[in-house]
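Notes to accompany the following structure.
Chains: A, B, C and D, in written order; residue numbering restarts at 1 for each.
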Amino acid sequence: MRPVSEQTRVAVLGAGGRMGAAVCDAVRGAADLELVAALHRTDAVSDAVAAGASVAVDFTVPGVTEANVHALVDAGVHAVVGATGWTGESLDRVREHLDGAPGVSVLVAPNFALGAVLAMSFAAQAARWFESAEVVELHHPDKVDAPSGTARHTAAAIAGARAAAGLGVMPDATASGLEGARGADVDGVRVHSVRLRGLVAHEEILLGNPGEQLTVRHDSFDRTSFMPGVLLAVRQAASRPGLTVGLEHLLGLG
Amino acid sequence: MRPVSEQTRVAVLGAGGRMGAAVCDAVRGAADLELVAALHRTDAVSDAVAAGASVAVDFTVPGVTEANVHALVDAGVHAVVGATGWTGESLDRVREHLDGAPGVSVLVAPNFALGAVLAMSFAAQAARWFESAEVVELHHPDKVDAPSGTARHTAAAIAGARAAAGLGVMPDATASGLEGARGADVDGVRVHSVRLRGLVAHEEILLGNPGEQLTVRHDSFDRTSFMPGVLLAVRQAASRPGLTVGLEHLLGLG
Amino acid sequence: MRPVSEQTRVAVLGAGGRMGAAVCDAVRGAADLELVAALHRTDAVSDAVAAGASVAVDFTVPGVTEANVHALVDAGVHAVVGATGWTGESLDRVREHLDGAPGVSVLVAPNFALGAVLAMSFAAQAARWFESAEVVELHHPDKVDAPSGTARHTAAAIAGARAAAGLGVMPDATASGLEGARGADVDGVRVHSVRLRGLVAHEEILLGNPGEQLTVRHDSFDRTSFMPGVLLAVRQAASRPGLTVGLEHLLGLG
Amino acid sequence: MRPVSEQTRVAVLGAGGRMGAAVCDAVRGAADLELVAALHRTDAVSDAVAAGASVAVDFTVPGVTEANVHALVDAGVHAVVGATGWTGESLDRVREHLDGAPGVSVLVAPNFALGAVLAMSFAAQAARWFESAEVVELHHPDKVDAPSGTARHTAAAIAGARAAAGLGVMPDATASGLEGARGADVDGVRVHSVRLRGLVAHEEILLGNPGEQLTVRHDSFDRTSFMPGVLLAVRQAASRPGLTVGLEHLLGLG
């Protein structure tokens, strides 16, 4: 066991939620991290500062998270943020705030599953080399939106890579059939949403050329899959000042 | 090598087409079969009879195949028919004709790939035991219809099995999103069509229950995949008088 | 809601184990079943009888389960048995006992996941139609045996179906390489065991012919996947006197 | 159509082989390339020079290819080399030769399928982030070695990435079972070889973490899959002087 002095002191905001509780467990289970505060929604962010946290993980809710981050930056505490609902404007406000707080870091990530982030990166790296590319996402049937946000981001990344490489429209001779068979159109990339009892969250990217197919698939079986990404962000917080959006920047990918 | 007397004498109608030519090759390569006539579209069916064929394989075209079959039945030659375009009425006419031709057999099959036929049978056998079921079919991008006929048949078979077992509507909480994301609706079963350069013809049936998934997938890489089914039909022709629709009846499935 | 009088009275033996506890939950959640006794290992089987159970589900341990079943048969209570460790001899003893207990039923099943049972049945139905067949099973890395019992049963079923159909050895030109690359040999069928953190229990059966592949895959994500099979066995217990080994006989498969 | 003056003049060595013939077709089909010489094994390399080729594609055989490359370098013709049998020493000799031939390029690639090269790169990028990693390769049953060279390279790349990241041995509690079930061991990475009639060349890389799986799969359906990679190498030949080993360097990957 490492001496206490080497441990990074971590606070968790939104510790009462399912993700927050999982983060608390993960921090407790990591020998190089110490959980110094597990705050619920109604607790003050200053409690994290008072507890001596050097990094705070925020898994609260859209209406609260932005104020939390600004309070943390003011106190010189690095923030790792998993809450959804961030817009370009709210990110701009954090970026500006960080300009006046040298050395402090904020990481905002829509997805902490390493595998999902890698899959999206691989899709973007591969897209320019293939004639065809489609996305199939598969989720439990209680999901209310289709396609998933991850699949839309992936399709948009594929479309961007194709455009940058000067690729045109994908081949598709479909002339007749049933409505919806060819899926949703996201920037010219077809996305198909399967809803199946028993599933959690899965995504498959299919790329095709004459005589070959490349497939990248990510399966999320439960929320423990997010913990390695959260801990990675906590550990890199001190060495990555400023605003970082997306876990992919921590993975040293191409 | 077996003595000639044991070989079944086979004629191929539509031998100039790609499927017909492949059938000729397959018959030539089978020790228990003898190719006695390879007829083109403009040849008379009577040439097959004159050549002493006991079974004729017809891979001609919709406008011609029905007349061919009636001529074969009149001559007492068993028919194995792969041409598309058969309706319920044309099948009824053949069934009636066969009533007056005891011992003669006609098999009409929309698909001769054993794997595809098995996949459809398995989907139908499994469907009543699962809460959710969807179909994903994947083809080359030059295909003009979506979904494929095979996928539509498979979805209809799933829907039929669910109805027979008293299952209701599948769970699906989708409330927002993009048009087409959830695929086409075939009798309440969702069907998704992927079009990808490099592919040939592929179908995946996904079935889900709490905590488990069952997947049946068939890949057709080229038309040689149809030959084992064609030869099976030729070999069983003499022992299966009357009209048979669908290769599944030759496979002894549940 | 059905009247109470129509409910089947169910006892669970081994209710303190993880499977037993899940069965208790599943019975409680079923409108047509009533949980009348949840017995731990040290409780007497007579408590289930005293509670008026008409069906008892036994998820105890190898050393106990056989005596439980004989006590249940003596009392005229149907038994659904999920415990492992049954041999041909212990099954014979139950069969004999049931000869003198008309109307009483015992079902012993090594696997209650409907999807796994269907996958194995489909493998056996399809095997005779393909030149090649192999099995890949994938599990969490804490599993101590390789291959899994399910994969061995599946491979043996494939080998049996091939032998019954007169098929010979599968094609395999492998002449050089690394030891173990071609997997384990189960009656001539190759079985490959993948061990991967994050997985639970998965099996894939691959069948190949010229130009086509048929794949059947089952994924078990957690033990809730066994509950539909257990409830099905409970519901059919009264109508299936005698000994039944294997859930497949309750599914009306070919 | 571009003016002739912009076309790159290409010679093909080994044009009588199946790969060489496919390259000839691919060059003929590319508007920006002109096929100026299609040489058979017995033709002199000087014929390519005499025909004014600026790039030569060599798909000859191990005993011939090295001498071809040196002759091409002497003549100032760029070489794209797909022949196997290159050793570290033969590559060193070419590298030395190129030191004295500024501006001339040689690309030697063991695999020209873009998808296969991408799959291997993705495996190497992802490996350091996962607890478990295994490789499954699937080929037609006429293949004589197991595992495939590509799978061995992929496994070695995974092992290298794990070692560089300081990862230890993968979790595996296997204590009993059948010989070979856990596959071949390549630097601590398990590799499984499936042989199935109907398949061509396929590779699947499986990576696992708690709660998640990442899968990268490449399917080669026929040798047309190598042509985009060959043409890419031809087009980049003039701008990439010196020796390049492996197509991945042309893809701008991480």
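Keep in mind that, in the parts below, a contact is a pair of C-beta atoms (placed from the backbone, for glycine too) under 8 Å apart; a residue touches a chain by one contact, two chains touch by 3 or more.
The chain list, named the UniProt way, goes like this: A, B, C, D = 4-hydroxy-tetrahydrodipicolinate reductase.
Not measured: the values here are computed from a predicted model.
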Shared chain contacts [subunit A and subunit B, defined touch] = C, D
Option reproducing the contacts of A-B, where over half of them reappear, out of B-D, A-D or C-D = C-D
One copy, subunit C, sits on the other, subunit D, after a C-alpha rotation whose size in degrees, in steps of 5, is 180
More C-beta contacts across B-C or across A-C?
-> B-C
Specify, for the interface formed by the sequence copies subunit A and subunit D, whether it is same or different in terms of residue numbers shared by both sides, with half as the dividing line.
-> same
Subunit C and subunit D have mean C-alpha positions lying a whole-number Å distance apart equal to 46
Can you check how far apart subunit B and subunit C are, centre to centre, with Cα atoms defining each centre and the answer in Å?
-> 34
Using the average of all C-alpha atoms in each chain as its centre, how far is it in Å between subunit A and subunit C?
-> 39
What are the residues of subunit A that contact at least two other chains?
-> 130, 198, 207, 209-213, 219, 221, 225
Which word fits the touch map of the chains here: line, ring, star, complete or other?
-> complete
In their shared complex, subunit B is touched by residues of subunit D numbered 198, 200, 219, 221, 225
Report the residues of subunit C in contact with subunit D in the complex, numbered from low to high.
-> 130-132, 134, 136, 138, 141-147, 152, 170-186, 190-199, 206-213
What residues on subunit D touch subunit A, complex-wise?
-> 113-116, 118-119, 121-122, 125-126, 129-130, 207, 209-228, 251-254
